[in-house]
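Here come two complexes built around chain A, the first alongside chain B, the second alongside chain C.
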Partner chain A sequence: MKILKWGFLSLITVISLFPFYVMIMMSTYYSEDIFKGIPLLPSNYFLSNLQTVLQTDFFRVYANSMIVSISAVLLGVSTSTFIGYAVAKFQFKMRKFLNYFIIITMMVPAQVGLIGYIIEMRNLGFGNTLLPVILTWSAWPFGAFFMIQFVRDTVPNEILECARIDGASEPGILFKIVMPLIKPGLSTLSMLVFLWSWNNYLLPLVTINNSKWFTLPLFVSTLGIVHRTDYGARMAALGLATIPLLLIFLLGSRTFIKGITAGAVKG
Partner chain B sequence: METNTAAETPPGVGLHKRRKHLTVWPYIFALPFVGFYIAFQCYPLIYSLFLSLHDWNGIGSKAYVGLQNYVTLLTKDPLFYKSLFNTLVIMVMSVPMMILLGMVLAYLVFNLTKGRMLMQTANFLPYITTPVAIGFIFSFMFDWQTGIVNMLFLKLGWLQEGNYWLMDPWWSRVIIAMMIIWRNLGYFMAIYLAGMTAIPQDIYEAARMDGSTGPHTFRTITLPLLRNITVFLIVTSIIGGLQLFDEPKLLYGGWTASTSGGPDNAALTVIWKFVNDSFITGTRFGYGSAIAYTLFLIIVLFSIISYRLSAGKEEKA
Partner chain C sequence: MNQIKRLPLAVTVLLLAFIMLIAGCAGSGGANGGGDGKGSGKGNGTASSAPANGGNASASSGELSGTIKVWDWDEAFLKKMVPEFNKAYPNIKVEYTVVNNNDYMQKIQSGIASGSDVPDVILGEMNYRGQLFDLDILDNLEAAPYNFARNELLDYLPPIMFNSKGELVGVDQSITPAGLAYRRDLAKEYLGVDDPDAVAALFPDWNAFIEKGQEVLDKSGGEVTMFASFDDAYRILREQTANPYVEGNTINLTQRLQQPLGTVFQMRDAGILGKYEAYTPGWNASFAKGDNIFYPMAPWGAKWNIAANDQDGEGRWGLIPAPEGSYTYGGTAIGVYKDSKNKEAAWAYIQFAYMSDEGMAVSYKELGNMAGTKAFFEKHMDWIDAGTEYDKFFAGQNLNKTFYEKIVPTVKAEPQTKYHSIVQNAYNSLYPLWMKDKTIGLDEALAKLKSEVQNMAPEATVN
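Our next item is the complex of A and B:
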């Protein structure tokens, strides 16, 4: 029984990790050699593949992706935190309405308004910039929902009251008292926005036409089509594209998984 | 929450000033989100609805056609039904497997004494991978001439000659379902694990006192207590599954760039058709918006049905 259990667990884990392994191995091969056998052992072509990748616009694309993800995190997490704090800790007329509003908007799929969004972006003159890919995170219902729960559960009302009696300003309370208390929530949410904006494929695909503003998923999916399909180089590029996510995830996998599962288990 | 208003009004501390603060600030804090929402989500939604009643290619003038786009979509576009069928088939193939495997995996990992975090982390990795990578890796693995799967099957003698997996309509759907399962299994497992951790230990203690053992305890205690989580996972994966796009598009968009929609359009999902009609093969913005809104209605319908079904079960239980 125990052997069976471990066997099953190991099998699933191997299947989970196998494609990663193949990706890394393939990035060390000369493209045409990949297909001569199953690429299970590393070859010696990694540096040349890396060179091929770096000769392209890879740095600019990488920078584009970084700009998008970091701005999306800053924008999305701050608007979510502000409204989350307001709904969780203040008594005001619109509170109930805002609470329902956020839950309902969470259910509307992003693609429904996609065409309208693109036309709007064009009309605003953001057509060929990174802004459409960033601004889509500016009002992120899941983030707001998450923050309402998190602030409600972790910030004691007494602390806020004490600060008010001491004459602290409301923004001061938010930035100096609430923010430090909800750090774990902020980091979970930041990781989620980073992950999802980094991996986003559909929106850049339909909004960015100019290769100058390509993000990583778009860039990699068109890499090497011009001359010959260089699979080794593509795999190297994919590997490089996965590194930031891998780092973030391995550094904070505990908070990350906790955050991602929080909504499900409670709700 | 309820104590918020009453308890903390200390006598004599600038009551008037405090009140004013409490009434203005929450609106200021909520404003950025609400403002951005109206500007970049609400407006596009309404504008898309408006466009869905028009015939417009993005450049010329808009011609009002009423519900014509919807009528055309539902009566004269067999490809729409095909794409809906594909989407549903892929969903039916992937969702039960993810629920089942996710629960079994979580159960096994939950009972581990060591290596729990390692297992969870390793199996969660696919979930954070860029979909582009997943598309490439899978299309490479199942490639006709060079794929690992064919090579392996040939070596093991299971196949006489390489199978053209990606060119077979049903296999292409199965492979997409496998991509989805592979990517999301760790997420399902993590959610079930969190749910199992949330079950208070004394319930298990009591069950053990009563002589209940492993599988029996799982069936009578763990499973019913995980019901809400299962409902959540089913509902969200149906909503997400109806919006399937990345996996099929990237499976066929990468190195086999010539085929759009897969063999005989077997991999064409609703969102893929929506993207094709409105951005790639044409710029029929009105028609595209009509597809988007129709899909939205289907999603709402499915959410209500799956919610009703699960609520009904609860009454019986």
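Our next item is the complex of A and C:
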């Protein structure tokens, strides 16, 4: 039984890690050689591919992506938490409506609101900056929905009442009592925002027209594109681009998994 | 209860804090963006362009000034050309953005719809050219301030530079007349000859091509085919029978495609088409592999198809005109945005980079681009006689001379509409099945293509 279990687990591991492995191997090939077979063994072209990537403004692009993703995490997670806490734990007019409204907005595909969003950003004077790509996370229905559920399930009303009786201020309750309780939720959400904003393509594509502000996915799409796609260089760039994600997941995997399974079993 | 009543207040405070935060961002963002909210009109939004555009453009060269925006995918070209351009026009600032050609239309459309950035110089790659022209956002280059004349272009070019109103809205980035590249070693082995003239003489028409193809197939035991892909053959046959087939909302698909597509189906049934879909990794690898003799090839193909895919292929290739006439393969039209604030400067850039002697000296000698003007070939035959670095792949055959003297004279081309892109998309989704499933015949395929086009263009009448 144990063998079966481990066998199954390692099979799944191999299947899920294989594309990642192939990506790294592909980054060591000359682009046209990649497709002659499945690239399982490293070739000798890695340094040239790396050079192609680094010849460009790769580090600025990297910094842009970092700025975008970190700001997106701060903004997205904080607004989501405020909304989640408010809707889950307070009684006020239109609360139910707000709750449904959030769910309804989740159903609208992002593409539908795109043009409107660009017009809004232009009128705010944010054209050709990183702000449109960051600010989109300030009204993030999924985050709000997630936090509403999470706060509702993990923060007992009794604790909040105790705190109030002991004279804690409302912000104090939020930051000193609620926040520590919902840590797994916060880290899960942070990771999701980071991942999604890191990989976001459509929004930067249509809002950023200045290569100074390119983010990684946009940059990768413009690498070696005249009549020929330089897959080798792209893979090298993608390999470098996944490093922060890997680090973040490794550092946060424990709380991340806790966050996903939180609320799964309730007595 | 008390706390609950106080709540809205807390929320309001937080909200206010956020509004202030965002307002703060707006302040700094505005400073970066250079006040593009001041209604300076469509298209020009960035800090540097808005003030610089302020009406100091004049018609005489050298005094032109301002900022123009260019969206292009060819960064190598821009890096060479923009500094050259600035030697002649020091006061025109070229702000370029590298845009993937697959994303070009989407970016243009969202730019126009939202009133944000649209470049002054717009590129229309063949894949989306009809769509772009039908947006009606490009200026007529035969009117003021450009005053270009269509007869300055090579004779085959104007039709693919016309929009549906018959206005000339672009000039060619680099000419793309196309013929057939072939593997000399395979030609020698299976056709008995490898000299370009001798190979060309074997194929007076497509019937001869199909017959020879079957012989090759037999001799090689089914290993070697004439074309690598169904799509390669279709591309050639469709374009060499160029003929306008869209009138307003009517798409005369049957009349247009029956004959060329029929020939491609004949080739498929004769077994002379390879198993690859065009521009897949397998197709790319087939150049070096040597299981196909012929590939469609335009001037850009020497570098991007042959040299890139067959690095060790020096001396291995040859170039001939296609049986029954030449065609165009790819290509990009360069036009000026209708609402550009700086049309003279944009036109100066286009003229310099794509047509002038100074610009072409760099563009031709370093990047291999040939201008689409008659003047270019009249003045610079010596450049062409000198050959290019890619001739070595073709055993010293002078490629550009072959293109100009043997291929250009029979090129045909048709005006592009948005329906051309739709028909192409429909075809792209269908042909992989046609090449695999030999029970699908021409009539069935055409019917399917028509219904697919009809789905994508419900307003059109598809015949």
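FYI, the second predicted complex is superposed on the first by the 209 of 267 C-alpha atoms of A that agree within 3 Å, B and C clash if a C-alpha of one lies under 4 Å from a C-alpha of the other, contacts with A are read in each partner's own complex, and residues count from 1 in each chain.
The rule is simple: a residue touches a chain if its C-beta (ideal position, glycine included) is under 8 Å from a C-beta of that chain, and two chains touch if they have at least 3 such contacts.
Since the model is a prediction, treat every value here as computed from it, not as a measurement.
In the superposed model, A:V22 makes contact with chain B only, not with chain C. In the superposition on chain A, A:T79 makes contact with both chain B and chain C. In the superposition on chain A, contact of A:G127 is made with chain C only, not with chain B. When both complexes are overlaid on chain A, the residue A:F145 reaches neither chain B nor chain C. Shared-chain residue A:F249: touches chain B; no touch with chain C.
Judged by the touch definition given at the top, the superposed model places A:F46 against neither chain B nor chain C.
When the two structures are aligned on the shared chain, A:L9 is found in touch with chain B, with no touch to chain C. By the document's definition of touching, of the two partners only chain C reaches A:S211; chain B does not. Greater residue coverage of chain A by touch, when chain B is weighed against chain C, goes to B.
Looking at the shared chain after the overlay, A:P109 reaches chain B, while chain C stays out of its contact range. Chain A residues 34-35, 79, 82, 86, 90-92, 114-115, 119, 135, 138, 164, 170, 205-206, 221, 225 lie at the interface with chain B in one structure and with chain C in the other. Across the complex, chain C meets chain A through its residues 3-4, 6-8, 10-11, 14, 18, 22, 25-26, 29-30, 32-33, 35-37, 45-46, 69, 71, 73-77, 95-101, 103, 106-107, 110-111, 113-117, 281-282, 284-285, 288, 300, 303-305, 308-309, 311, 330. Of all residues in chain A, those touching chain B in their complex are 5, 8-9, 12-13, 15-17, 19-20, 22-23, 26, 34-35, 37-38, 78-80, 82-83, 85-87, 89-92, 94-95, 98, 105, 107-109, 111-117, 119-120, 135-136, 138-139, 141, 144, 152, 157-158, 161, 164-165, 170, 174, 195, 198-199, 201-202, 205-206, 216-217, 220-221, 225, 229, 231, 234-235, 238, 241-242, 245-246, 249-250, 253-254, 257-258, 260-262, 264-265, 267. Of all residues in chain A, only 32, 34-36, 79, 82, 86, 90-92, 114-115, 118-119, 121-129, 131, 135, 138, 164, 170-171, 205-207, 209-211, 221-222, 225-228 touch chain C in the complex they form. The residues of chain B lying in touch with chain A in their complex are 1, 3-5, 7-8, 10, 13, 18, 21-23, 25-27, 29-30, 32-37, 40-41, 43-48, 50-51, 58, 101, 104-105, 108-109, 117, 119-126, 128-138, 140-141, 145-146, 148, 151-152, 182, 185-187, 190-191, 193-195, 198, 228-229, 232-233, 236, 239, 242-243, 245-246, 249-250, 253-255, 257, 271, 274-275, 278-279, 285, 288-289, 292-293, 295-296, 299-300, 303.
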